[in-house]
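Each structure below appears as structure tokens.
One chain, chain A, links the two complexes that follow: it is found with chain B in the first and with chain C in the second.
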Partner chain A sequence: MVHKIENQYKEILNQYMQRQSEQNLYVGQNFSRQLISENISPEEVISVHKAAMQEIYKELPDVVWHSFDFLIEMMINYGLALQERQSLLQRQEEIRVEMDLAANVQETLLKTKLPALKGLDIGLLSIPARKMNGDYIYFISDEEGHAGIAVADVIGKGLPAALCMSMVKFGMDSLNNSPASPSEVLGVINRVVEKSIDDSMFVSMFYGRYDASTAALTYGSAGHEPAILYRSKTGEFDELYAKGLLLGVSPAAAYEEHTVQLEENDLVIMMTDGVTEGRTDEGFIEREVIFELIQQKKDEPAQTIVQHVYDELERMQNAELRDDFTLVIYKKV
Partner chain B sequence: MNIQVELEETDNKLKGYIHGEIDAHTAPVLREKLEAYQNKDGVNAELDLSDVDYMDSTGLGVFVAFYKSVNAKGGHVKLTGLSSRLKRLFDITGLGDIMDIESVGKGGN
Partner chain C sequence: MSNQSSVEILTEWDIVAARQLGRNVAKELGFGTVDQARITTAISELARNIYLYAGQGRIEIQQLTENGVKGILIIAADQGPGIPDVRRVMEDGFSTSGGLGAGLPGVKRLMDEFKIETIPGEGTDIRATKWLR
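Then we have the complex of A and B:
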């Protein structure tokens, strides 16, 4: 192998020495790519060069050969740097594979089942900005027509956010109470989160409990982007604001809750700040733009509205979402 | 996408001035600078955010962490010059109720 390379190199060098054409240089460039792919180090290349020169120009003075020996020494650290780079590339690939696995685990772990409720059409979409999702939707429902929904957002993105989210999920699972009130749920999850996370981490969460028998939605918020209520009768959008601190900041936090009565074709729009904090070259995407998008498709099924909002916002931002994007729409039918 | 953080401390009074955007890229810079002061006893910090034109939840996280550690050491954190956009962020998250914040008079909601 080495012998073959030496011969090839000598041949290419010899051609170049005789003609010095672009074509010769091009052949040399291609050959160097081959050397790299075969893991030939820079100092080995110079050794090969020296050997080739010695065969072609035997009569050169000793200073020339000494200078090559010196150059070989100079190149050794470059060779080490190259090796390091290769092992980093390999490690990066290993990490990428692990992240893919983790993202799959997260997907399975955080899977939630859409409740089937009389009179309610649900649309949802949750797209992570990176591999792991820092947004989370959780549904819980029972036979009597109670359904709880949690829409949560962990500060930060990627792996730490995803780990934090599992904690919220297990808190909700152990609560396992569909008719529970939002202030109760948020209070419990706050204590779970507060005990377990770092000072600079927190979670915002919207919680809504829907009662299919009365079409009433009771909601509370832990520092989360307010949900929006669209009233079909008046065509107006109202914020569903409820006072409450982010989860994980203070164990003593208390959470307000309010109730609204849904009428036919009303929409409840729940989201994370990945929806509202969009930016284009001209500035922020105002909430009115999002309302406008919703209004365009208000007569369509909830999933169609959700998809439309996502498609349009993505288009406005040149398909580059900076944050995890989660949007859920309840449509009273 | 950049940030400038100037901090000056005399007799446990920390005056800070932040300029630029606070997001996932710049927040680590701010965090690192504030961390140098957060473990001292009784720090009285006043941070001027009037030239912060954008902040996301990562930035909020930096201030929450700073607030929590300074408070635990008997100190106080005040944020001033919040734009209406920033003020809304603090209000929605409920942090406006527990932290000492002051918005700029005009353009508020």
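Then we have the complex of A and C:
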């Protein structure tokens, strides 16, 4: 094969030496592509060039041949750099495939079942900024009409955040208690996170327990973005704020809880900071913009409202997600 | 069958001597210009590692014949600090990112066979072979 390449190269070079036309250069360039695809290193190309020249122009002085030997020496490290690049590209591809697999595993692992509750229409969307999601929604419900929801966000993105989130899921699973109060749930998960997760990792979480028999929502928060309550009767938006430290900061942290009564067509909007901290060229997206978007679709099903908010925010940010985006809307019907 | 000679590496100029020795042997064995350049680059890299990290050591060049095929063996031996994390230095992008040259992965690519033994606190022994085709 090397012999074939040498002959082809000699012929192309000879053509060019006789006539320095653009066409002959073009033929040469195409040939160089073939050399690259056959993993011919730069030092080998020079060696082939030297051999071709020696056949065509035997009479050239020795200095010319020496100069080629020198050039070969110069090219060895370029050849190595090329090989290293190829092996790094291959490794990058392996990592990409692994990340895709991991993202699938995560999706299966963190899958949650939407509760079917009388009088409550639920819409949700969670989109990771990268492959792995650092946001998490967890539902739990029982026959008596108690439904718990956790909306959590690991400070950070990507793989470390996703691994951390698995711990939160297992904490919630082992608690397995639908009527549990938010302050109790947050207290337990706080201790799980504090014990098992790296000191540099923190998780914020909003927890809401809905009681279908009374239409009351009791909520607590561990340093999470406050949920929003939209009152259909007055058309006003209120923050559902509750005091509490981020999960994992202190094992002794205590969590407040409050209760609101939901009326027909009221909306509860729970989200992560990926929703509120979206940015356009003009700066942060104001909360009022989000309220406005919700109001535009307030009479539609909860899922339609969620999708509308996402679509519009994505459009404003030129389809660029900087952070994991998670939005859940409860609609009292 | 083997035929050996060696160069002590104490100063930067000994790297040149080791290269010269390797090139002479490679030429004698019938390696072409490109392979000569590869072999001497590998020697350079190994000798430089000795000079920079172990302070002193030895480059040995042997001629080999195995099943009628001729080859060249480079042995780089030192009693330096050893390499604590061999896997790390054998990774692409680890040593080259600091602009240190080909690194040990480079030596491995330049040659056909590569073997490293290193004991922290006792030293390093690297053997690299290239066969004449």
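Methods note: the second predicted complex is superposed on the first by the 333 of 333 C-alpha atoms of A that agree within 3 Å, B and C clash if a C-alpha of one lies under 4 Å from a C-alpha of the other, contacts with A are read in each partner's own complex, and residues count from 1 in each chain.
Operating definition for what follows: a contact is a pair of C-beta atoms (placed from the backbone, for glycine too) under 8 Å apart; a residue touches a chain by one contact, two chains touch by 3 or more.
Small disclaimer: the values here were computed from a predicted structure and weren't measured.
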{"item": "Chain B versus chain C as contact partner of A:Asp324, first or second or both or neither", "value": "neither"}
{"item": "Touching partner for A:Leu80 - first (chain B), second (chain C), both, neither", "value": "second"}
{"item": "Partner chain(s) touched by A:Phe202 [first = chain B, second = chain C, both, neither]", "value": "first"}
{"item": "First (chain B), second (chain C), both or neither touched by A:Ala253", "value": "first"}
{"item": "Contacts of A:Asp135 with chain B and chain C, given as first, second, both or neither", "value": "neither"}
{"item": "Contacts of A:Asp273 with chain B and chain C, given as first, second, both or neither", "value": "first"}
{"item": "Larger contact residue set on chain A - chain B or chain C", "value": "B"}
{"item": "Footprint overlap on chain A, comparing chain B with chain C", "value": "none"}
{"item": "Chain B - residues contacting chain A, complex", "value": "24, 31, 56-58, 60-62, 64-65, 68-69, 85, 92-95, 97-98"}
{"item": "Of all residues in chain C, those that touch chain A in their complex", "value": "32-34, 37-38, 40-41, 92-93, 96, 101-102, 105-106, 109-110"}
{"item": "Residues on chain A engaged by chain B in the complex (per definition of touch)", "value": "153, 155-157, 198-202, 204, 222-226, 243-246, 249-250, 253, 273, 277, 284, 323"}
{"item": "Of chain A, residues touching chain C in the complex", "value": "43-44, 47, 50, 69, 72-73, 76-77, 80-81, 83-84, 87-88, 91"}
